[in-house]
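Structures for review follow.
Each of the next two complexes has subunit A plus one more chain, namely subunit B in the first and subunit C in the second.
And then the complex of A and B:
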């Protein structure tokens, strides 16, 4: 009998490992993300100095840098497959949901790695005060899940269209605005010593909604 | 391959009035057929008649705009979404990750497919297409003929019940064409092989033929 039984977890795991190996070999996204983070933070630091007393600006700046450092790389999750003509290979060996879940997990890891560098770098270069780490990491984690889920979904939707670059921005912006608003608000309130429960609830609800919508949509993405 | 003697049981592949349009353009005129195992069937027709489109429909990548298809293997009916489990496709449109070696590409495919012994399956597939000496070379360094052999290895990696070969001899030398002939013989003895081709030599590998009556390139719809 054929030797190719379906095992979704194994397929997702294999796609995730492939993504990690490919990124490790090419450093396609990581180098671009870290270069953007370092240069933008250095430039702002040189222009405005340390902004320890302007936590409202720091909160916005942190999420702007994280968003722009990672979004371009994550938008290529599926675009690279189309442009490298490897989408057919993927479609022949896994379901769209398995492929997308593997790529979503990779994007989460990718964001985590960038944040590992970005957070301490941001604290040092911008002179940001140390936040209460528990709530800060909660805001960061929920914002990260929403960012990864949104960019993976949009990347999958636009991958086989013409004018992908323009479409990615156009579709991502309305999807990401609520995340950015809640994340910036939560981070600012954290530094101000205020409660952030409402921001956390909004981020959590949005992350769950994005993940649920993704799971519902992925299997219908590439039906010709 | 050591698995050549393992039969797939009763296999039936049928199409009833299968047709496909890309927008206003008719890509595949209605075609009906029935095929089973063991055996090999050649799908022929002029350029643009829909040979590749038909294979994509049969493997479940493309939904026909008209008609229906049935694939039954060992009493189990495979809906289009599940067909990749029991079918293998080698087509010139198939590309690999150039930063990975041939073995790494196949290992990724085998693990994703859930093959029980992925490393063994990769070794067997590379041996079958005589590509094992270059297993660890990056695909980006491969010639077009070697890439075509890799496509064949990819198609047989999970020992499919239905092997679909789209222009299998393209870019291949005589030794490569002999590999194709061996694969067709092996897989037609244990299952069904579909060969989309206009090459008279490749047509002789099949016992039956489905001729598509397409409009070809001369008069697009």
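And then the complex of A and C:
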């Protein structure tokens, strides 16, 4: 096929635009995620109080709040298509890999928006000292990429099962536990003023491995 | 039949020598003896999960349900051996470290693996239709196995662990020189457990196929 590269880039872009547009129309997913994020943050903040001097605990709480706040809304990527009976139509216009790539990019943007609200709010409510922003954002970004990659793939798998949403958390979390462990460790070292190169390397390697495996597997998501 | 009896005698002999005859490693003392059971279990876990991933890839490539039977059976057996390794490790930790569970990096890793493959089996249970189940769980199995090398090889080496590493060579030489008697008992157990796994694997696969045939006969 001539021009295959630019064609599939256009398809990915089209899926991404479609996702953004349908999200923008209702803001259903985003409002649910933000509401859940703020509520769970409130619950944690009220239960634990301000922990300005316990950055080791803060690091753990931060990632748990982030993971649980985002996981609940990540399953929608494909479940919504199945429930709205639009999956077949979407598959007519784009290949599985293009659809999944578009959804992956959308999930990345989505997570970025949620984090934009959640991170400052967490710092204020928990009384967290300002971390060194460069390394902090690096840990956050790498964690986000792994989160988006695994939830895009798992969401596509889950959408074809009986349980759908119910299974999503249970199936995604085991995949994300190494990310959680490395990210919490990195954030803790960061606040403690220690070097975090090894955590960053682990996060980056895991993100790349997840992305590479996903790219190879997207093609098998649906039977033709 | 004959080789099943041989396998039984082989493991029994290695275990007996290991438990009664083999010398002890200083510091570890009597707890040395767990290594004849614990390390082969952990090793078989990795072999089984690798076998499962290999057959998942083969399934995605060839779309032959026989590969899926192997992938599912190996994941189940891997989980079984993983539980054996976890429990024997926890018992050893109680004796050496004073607590059954302490979230040492090794303990964390093996627990993550338990969760991963429990999730795999939960996923299998929730999909209807043989081909769909095979395809979707193969996808998950491959992604799950991406995490395994990180958990087994990377994490325990990055963070401080108290876990002894008798067989890992550092810079080309043994950290602790293994007594030849310990080494032979250990290698014999390792071989015995590996053969045991492949035997159980063929049994499990045969049961799955018989079940499928019965279902087809019923209609």
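In this text, the second predicted complex is superposed on the first by the 215 of 224 C-alpha atoms of A that agree within 3 Å, B and C clash if a C-alpha of one lies under 4 Å from a C-alpha of the other, contacts with A are read in each partner's own complex, and residues count from 1 in each chain.
Here, contacts are C-beta pairs under 8 Å (C-beta built on N, C-alpha and C of every residue); 3 or more make two chains touch, one makes a residue touch a chain.
Please read these numbers as outputs of a predicted model, since none were measured by experiment.
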item	value
First, second, both or neither for A:86, with subunit B first and subunit C second	first
Contacts of A:185 with subunit B and subunit C, given as first, second, both or neither	second
Which superposed partner A:197 touches (first subunit B, second subunit C, both, neither)	neither
Touching partner for A:217 - first (subunit B), second (subunit C), both, neither	second
Subunit B versus subunit C as contact partner of A:95, first or second or both or neither	first
Doubly contacted residues of subunit A, that is, touched by subunit B and again by subunit C	223
For the subunit A and subunit B complex, residues of the former touching the latter	1-7, 10-11, 13-15, 17-18, 21-22, 25-26, 84-86, 88-89, 91-95, 98, 223-224
Residue ranges of subunit B touching subunit A (in the complex, touch as defined)	3, 6, 8-9, 59, 61-63, 73-74, 81-82, 84-86, 89, 91, 93-100, 104, 108-109, 111-116, 121, 154, 157-161
For the subunit C and subunit A complex, residues of the former touching the latter	60, 108, 112, 115-116, 118-119, 122-123, 126-128, 131-132, 135-136, 138-140, 142-144, 146-147, 150-151, 154-155, 158-159
Subunit C-touching residues of subunit A, taken from the complex the two chains share	150, 153-154, 157, 160-163, 167, 170-171, 173-175, 177-178, 181, 185, 198, 202, 205-206, 209-210, 213-214, 216-217, 220-221, 223
